[in-house]
Amino acid sequence: MGIRGIYRGLISAPYSGAHLNPAVTIALTIAHKFPTGMVSLYLLAQMLGAMLGAFLVWIAYYQHFQATEDKDLKLAVFCTAPNIRSYWLNVATETIATFVLVLAVLYMATPEVGLGSLNALPVALVVLGLGLSLGGPTGYAINPARDLGPRLMHYLLPIPQKRNSDWSYSWVPIIGPLLGGCLAALLYICLS
Amino acid sequence: MGIRGIYRGLISAPYSGAHLNPAVTIALTIAHKFPTGMVSLYLLAQMLGAMLGAFLVWIAYYQHFQATEDKDLKLAVFCTAPNIRSYWLNVATETIATFVLVLAVLYMATPEVGLGSLNALPVALVVLGLGLSLGGPTGYAINPARDLGPRLMHYLLPIPQKRNSDWSYSWVPIIGPLLGGCLAALLYICLS
Amino acid sequence: MGIRGIYRGLISAPYSGAHLNPAVTIALTIAHKFPTGMVSLYLLAQMLGAMLGAFLVWIAYYQHFQATEDKDLKLAVFCTAPNIRSYWLNVATETIATFVLVLAVLYMATPEVGLGSLNALPVALVVLGLGLSLGGPTGYAINPARDLGPRLMHYLLPIPQKRNSDWSYSWVPIIGPLLGGCLAALLYICLS
Amino acid sequence: MGIRGIYRGLISAPYSGAHLNPAVTIALTIAHKFPTGMVSLYLLAQMLGAMLGAFLVWIAYYQHFQATEDKDLKLAVFCTAPNIRSYWLNVATETIATFVLVLAVLYMATPEVGLGSLNALPVALVVLGLGLSLGGPTGYAINPARDLGPRLMHYLLPIPQKRNSDWSYSWVPIIGPLLGGCLAALLYICLS
């Protein structure tokens, strides 16, 4: 899923500034780097994009969902789950990882000449690094749309022998990233 | 094979616009980004290039084909095969993956200054990402020439104890990518 | 930890020249590429940054420290340890690896136009390569702050069933990198 | 070893055009892209560089050579060996891989603005791709100095319980790469 994120960053970079993440969009709005009036439109597009991606994955792996017996694994194709369930500590992990991501986005330097799609490479490498270093405990959603959209699709789509969509955890990868993004934006404002 | 694709992209980028894929070439023609008169020449070159690559691999691994007993593995060196055989769902997977690839190529932004061979890096990263995310079910040909050319070489070359070249599947990685490329081009035209 | 280093390089590059490593800062000072008066401030910031990073990791993995029984593994999250303990040969390994790093930093060519955060990519790739080639014997600290800061946090933080912080080895990843950095700077001066 | 090559490419690129490979240097000379009078000096430096690298590895892993029992593994740290020994087919594999490398170097497009050390990235990615695709049969020396220099160091250095330095194979990674480089240069001349 992180890899798909690189893809989305590479092609969306020049059109929307690679806004694929509600936590990033809201943080940029707080930091006065994004117009407030566009936020709701962007959030909607992010949710729809994440759901569409999950839908395409569902078709591509249609037979594999039938052949696979592990119900947790089928859910993990769509959304994140904690290694050790403890809601507030899981929120803390998501908050820290998103804080690090958004701080990077806010302080990332732009090249002197536009590099086209490669402008998205530094953020993509940061996301890759976050997954490798802080991704262990919660699977690093660090993006509310990336978790909620596919979770909704897991709930809606006919998947043979699926488990429940773990709604009791679903608020963690929403609250954590939003909190981390806001904290990073506030720190950025204080330091400016 | 995906890695060889990066190589071919890196060195062909400035000469042909990294046209290594009939599905991409045809999609660009539909989107009025490539002259119709050149298409057949390009398709021919793409097939010959894929066959030459397979020929070089055959020489380099000549002894290994003799030492290896697994006949499916020997075929897999040349062309793709589905994990779970179901022709129309396999076509769907190839269609989706190529749709995503071609849409990326069509919307990929070019840098303000030419970066030489590095211009091919974004598409190469997209192909890498597609392999990791959607490559599971069919081995992601996403390129008719990349599958048909080496499959033909598997059929023609003297490989000790080879199996048949699985011609019953060979149409899937042709139809799927062409369909996906055309759908992406049509979407691009509608949105322009 | 190496991945986190890429992150730090990407976002700090344009502000501080990616000074995250006391061995690099001191070597650049010797090579007259960094003002002497700023060194102590930078060293302090490097130590604090490394400690803060270790603190965030401690929170994110809080439950995992409780669930893990291997005490050496818990220490390895924070700081390096040799595969085969032999202090002076371990110092030699760290000296060589840091010598190679600092020589690369000193001779690294800058692009004709600023590439923003991507300016940090060559050094990041060098660090990645060092880890893969020379990282085996000592875990390649190649940075006194990166080892001492997190080691101090391992000592200070309440981690369930932790071992001692291996202070008897702690001087190796300080002396080795400083020595390697100074040797590289002296070679650079001689060759200039 | 391939990783060390990236390192060497990154820092040597702006000074020598990343000439680390006698096969590349000689091919560029044949293609009139490198002055004949400098060739012998470059070949000497390439051999010395490869030997120095092997020497540093020997120090860094000094204890590991004592702890390791596998004598073939100790030799493999220094130089390449074929998976299936058959001298002329091994030569063919090295010839093909180096042909592909040198053709890439000759046709690689340069960016419109210098990218500093990142200019070496495309060739580094080609070498990485060659290792993954054609590296299996012979360990892809694709560089006479990279194989002969460290092999000589294996012969000269006191390594506990080492095997012979496999001199009977040593000519393969010299003849193959030189042949592949010359063939690529001749093709380049014919097509120019």
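General remarks:
Order as written gives the chain letters A, B, C and D; numbering starts at 1 within each chain.
In this text, a contact is a pair of C-beta atoms (placed from the backbone, for glycine too) under 8 Å apart; a residue touches a chain by one contact, two chains touch by 3 or more.
On a predicted model such as this, the values are computed, not experimentally measured, just so you know.
Touching chain B and chain D at once is no chain at all. Its C-alpha atoms superposed on chain D, chain C is turned by 90 degrees; the angle is given in steps of 5.
Counting the residue numbers used at the interface between chain A and chain B, under half appear in both copies, so the two copies meet with largely different residues. Spacing of chain A relative to chain B, judged by their CA centroids, is 30 angstrom.
A separation of 42 Å divides the Cα centre of chain A from that of chain D.
The set of chain A residues that touch two or more partner chains comprises 113, 115, 118.
If you check each pair of chains against the touch rule, the ones that pass are A-B, A-C, B-D, C-D. Considering their complex, residues 83-84, 86, 89, 92-93, 96-97, 100, 103-104, 107-113, 115, 118, 121-122, 125-126, 128-130, 132-134, 136-137 of chain B touch chain A. Only residues 1, 3-4, 6-7, 10-11, 13-15, 56-57, 59-64, 67, 113-118 of chain A touch chain B when the two sit together in their complex.
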